[in-house]
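Next come the structures, one after another.
Shared chain: chain A. Partners: chain B in the first complex, chain C in the second.
Right after this comes the complex of A and B.
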């Protein structure tokens, strides 16, 4: 068993980092909304799912049916990322406006938000199921229907680390995720809207009295978190070349696990948690087999909640909130 | 008591009543703060002073009555728009953004008046850059003004207590208020700190900002205020110049209790 881990160490590391990057990007949405509103947006998984369809739609509009290269590739990648970000960001904003805002105004209990989130999540899933499932198809089987996405790149080895080969697509996913994390970090720490987000997370009452428009800050938080899920969605379809209406469910819960692992409310924690979860899954499956992947991930969630409920890095966006 | 010597009314509370369930916190209160003065609101604990602040800043909506600022009704307005109209406040218990630098705390206040949106900021448009630069210059100026210009980069939670109070004042001033509400600014300060706070309040007023003050330190109130109103059980029991109020029997009774032999 451990021999497998050793012999598969570098390939597992590469796979783990690539998948972990996607977890991390989705985790940002959970962690940002939690930081500002102290609630978990469980419909965020559908924000990701709709992003994958946004990317697919963009590819169809562009008429891309097979791998492209060079500048065309860069252009197409940019456009599907934009398409996915618009789809995901738009969905996240709609969720805030339709499913949460009125509850916030009325000071509803946390349970009400949770129910609203689950309702919105199921609604969006079933809505896309209607679009995706062919006429006359047996509904219980439909969860497995995969919608193929045209391959955008020839996946080929770039270089190797030890005995492991680094493929261009894995590197793209990893680098893409890291770049977006840096951009987000700059937005939150260097810009005025970021200042508003941090102020609201730390002390919403004073923020309002300093002239911060909380509704706008909340909307921006959903938009930015949604856009990050959109980037994740674009990278996901490039890497896996398919999607399904159910795709958000597992990835969403995994990303939530990553957010909790890193310390929910903490942006850098989302990155650390996402990469850590991806690596743990990859090493675990190399020892036990891929059928254990989800068991490993959720055992980690339980262990983290039992022994370190504040996560690896602890809370930070709203730490020391008065 | 109706000495109409000061400027025009900046803040006017007209027959304000505030009930919380069955409890009447404020009962038919009339209050007028005039442009350019330092006005103190005093009274025993639980008299309703902080409730008045919360009514003025839009945290509470009055059960009855009207709050007017600068000639316009402001009850019913959103809280952030009340700030934009020109009212800022500090808190009895300090409420800074603890995990931000002193400078950033003040910048949040300065942001209130910026006009460029997210897109402008994202594109780094010149207008946005200029506003950001002006905001920083203003923030530094204000930190100097309140006397903590040497601590701009320190985290708010690491500042000593007295400096945190000053930072709260700087943050409030950054919203460029016409009226500044100070809720017990001298609480927990030693005599030296109180003296320099008193000078600071005087300088704020001289710089053109009207000040409405809640304070328990009578020495400070009597020295600094142009006019004083006394609240007791949500009602105004006296109003006037400090010396007048000080000798008012109703005020003495509210603070010390009625003499034992009075019926």
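Right after this comes the complex of A and C.
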């Protein structure tokens, strides 16, 4: 068991970091919305799922069917990222407008928000399984199985660490996630809308008094979180080359776990939590076997919430949880 | 942080109650004033109706396309019993449990494992199953019930998935293939009440005896839940649901009562699982997916969380409608999702809410009011002028 861990250590580390960076990007959406609204946006997993289909749609429109290289690759990558960001960000904004805003105005209970989110989540999943995938992606009768995504890059080893080979796709995912994290950090800490977001997270009433337009801030929060999920979705389809209507469910819960692990409401915490969860899962899988991968993640979630619900870095986008 | 303050002089709850009176409420008031014999007659009629339900003439209307008695057992009967169990947790104590199916699964697997390995009979096993599932409720609850609201929801969701995945990965209990040839309950007597109906003979073909078993369990559980609701325990749950901090300050040992709600809910879920496994002969891990938890929760919320008749109605509708309108079966979950969102916007208290819960929802405080703090100033003003 531990021999497996030792012999697989470096390959596991690389896999874990790549998967963990996708968790981290999705976790941002949970963490931002939680920071501002103290609401777990349960439907965020579907925001990610729709992002993967946005990326696939962009590929179909571009007519890319096989690996491309050089500048074409960079261009295609940017376009599918943009397509996924539009799809995801749009979905997140729609969710806020349709499923949450009315409840917010009514000052509804947390239960109402969560149930509305579950409803929206089920609705979007089934919408894709029943309508969008069969019709929009020309797969009649097959809405519930995996949809293959054309490979965008030749996956080849770049260099090796220890006895493990680092492939270009894994490096791309990792670097892409880190870059987006830095961009987001700059947005939240340096821009006007970022200041609005932080102000609302700290004290919504004072923020209103200081002239912050809360509805706009909330909308931007959903938009930015959704766009990050879109980036994650684009990287996901490049790395795994498939998607399905159900893809968001597990990834969503794991990203939420990552957000909680890092300290929900804390943007840097999402990165730390995502990478930590990815690594733990990868090491655990190399010890116990891949069929236990999800059980490991769920157990981590339960354990973290039991022993350190404030997460590794604590909550920082707003004050401590009420 | 901020609860909406009422400025009109009457108490906020009463003001909210006045605002939301509907024909349902008038019916409920009549029911509240009705003398004992009327109530008992109605109870009697309801039970008789439940016993007569699996007849062919009813089935011809209720489910022309599939065997009505089978549907009455699963999904309808099972959903009703599960919903009553979940209602204790969600409706009464106000704890959001997204992994309720775990206890259903545990009950089912206890029946399957003990029934096939040790050869005990159903009546012995159901006792053990209830104990084990409520114990698992306590084991899950003890560390997690200190968490609030939506955290608890996610942890329970995780737990539900852990139970299913562990069952899937453990070869000792059949792995993904599950467990076969689970024994039926022993026959209690082979009397025939009407031709072809032996209500106490549990075989493979006739689903009606199992349905009657569920009805009997439902009646027992309803009486139990009802007595609890009217007791000190029920009042403690209501207090926790409305404002946990206030309850704690008033001397309610909130943690212990939350644990109790979890254990009772789990026990009911476990008992349902036992009957389910005994009827189905074989169970597989995929009988217990997350979507089942969500469905039962939808039933509770749709019917009117916290109000037993409402919850039963909700579970009945959620179990029956997809079977009645088979053509829409594919769209069942889609509609569910849409209806859930719509319900939360239009009528968050459910179809048949209890009056207390309607008031709580109208006031927006139940289960930790939120969102008010992020509402715009105009919206807040609207809230306070009510």
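As a convention for this text, the second predicted complex is superposed on the first by the 305 of 322 C-alpha atoms of A that agree within 3 Å, B and C clash if a C-alpha of one lies under 4 Å from a C-alpha of the other, contacts with A are read in each partner's own complex, and residues count from 1 in each chain.
The criterion applied here is as follows: a contact is a pair of C-beta atoms (placed from the backbone, for glycine too) under 8 Å apart; a residue touches a chain by one contact, two chains touch by 3 or more.
All values derive from a computational prediction rather than experimental measurement.
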(request) Could you tell me if A:168 is touching chain B, chain C, both of them or neither one (first, second, both, neither)? (result) neither
(request) Applying the touch criterion given at the start, work out whether A:205 contacts chain B, chain C, both or neither, answering first, second, both or neither. (result) both
(request) Please work out whether A:242 is in contact with chain B alone, chain C alone, both, or neither, and reply first, second, both or neither. (result) neither
(request) Please indicate which partner A:301 is in contact with in the superposed arrangement: first for chain B, second for chain C, both, or neither. (result) second
(message) After the superposition on A, what does A:220 contact: first (chain B), second (chain C), both or neither?
(response) first
(request) Using the touch definition from the top, say if A:310 reaches chain B (first), chain C (second), both or neither. (result) neither
(request) Determine, for the superposed model, which of the two partners chain B and chain C contacts more residues of chain A. (result) C
(message) If I apply the document's touch criterion, which positions on chain A are contacted by chain B in one structure and by chain C in the other?
(response) 205, 208, 214, 322
(message) Under the definition above, what is the set of chain C residues touching chain A in their complex?
(response) 1-2, 4, 90, 94, 96, 98, 143-144, 147-151, 153-155, 157-159, 161-162, 165-166, 168-169, 290-291, 294, 297-298, 301, 305, 330-331, 333-334, 336-345, 348, 360-361, 364-377, 379-380, 383
(message) For a test of understanding, state which residues of chain A touch chain B in their complex under the given definition.
(response) 191-193, 195-196, 198-199, 202-203, 205-214, 220, 316, 319-320, 322
(request) Name, in rising order, each residue of chain A that touches chain C in their complex. (result) 36-40, 98-99, 102-116, 118-127, 130, 200, 204-205, 208, 214-215, 218, 249, 253, 256-257, 260, 291-292, 294-295, 298-299, 301-302, 305-306, 309, 321-322
(message) Using the touch definition from the top, list the residues of chain B that touch chain A in their complex.
(response) 57, 59, 79-80, 83-84, 88-89, 91, 93, 95-100, 104, 107-109, 111-114, 118, 121-122, 132, 157, 171-172, 174-175
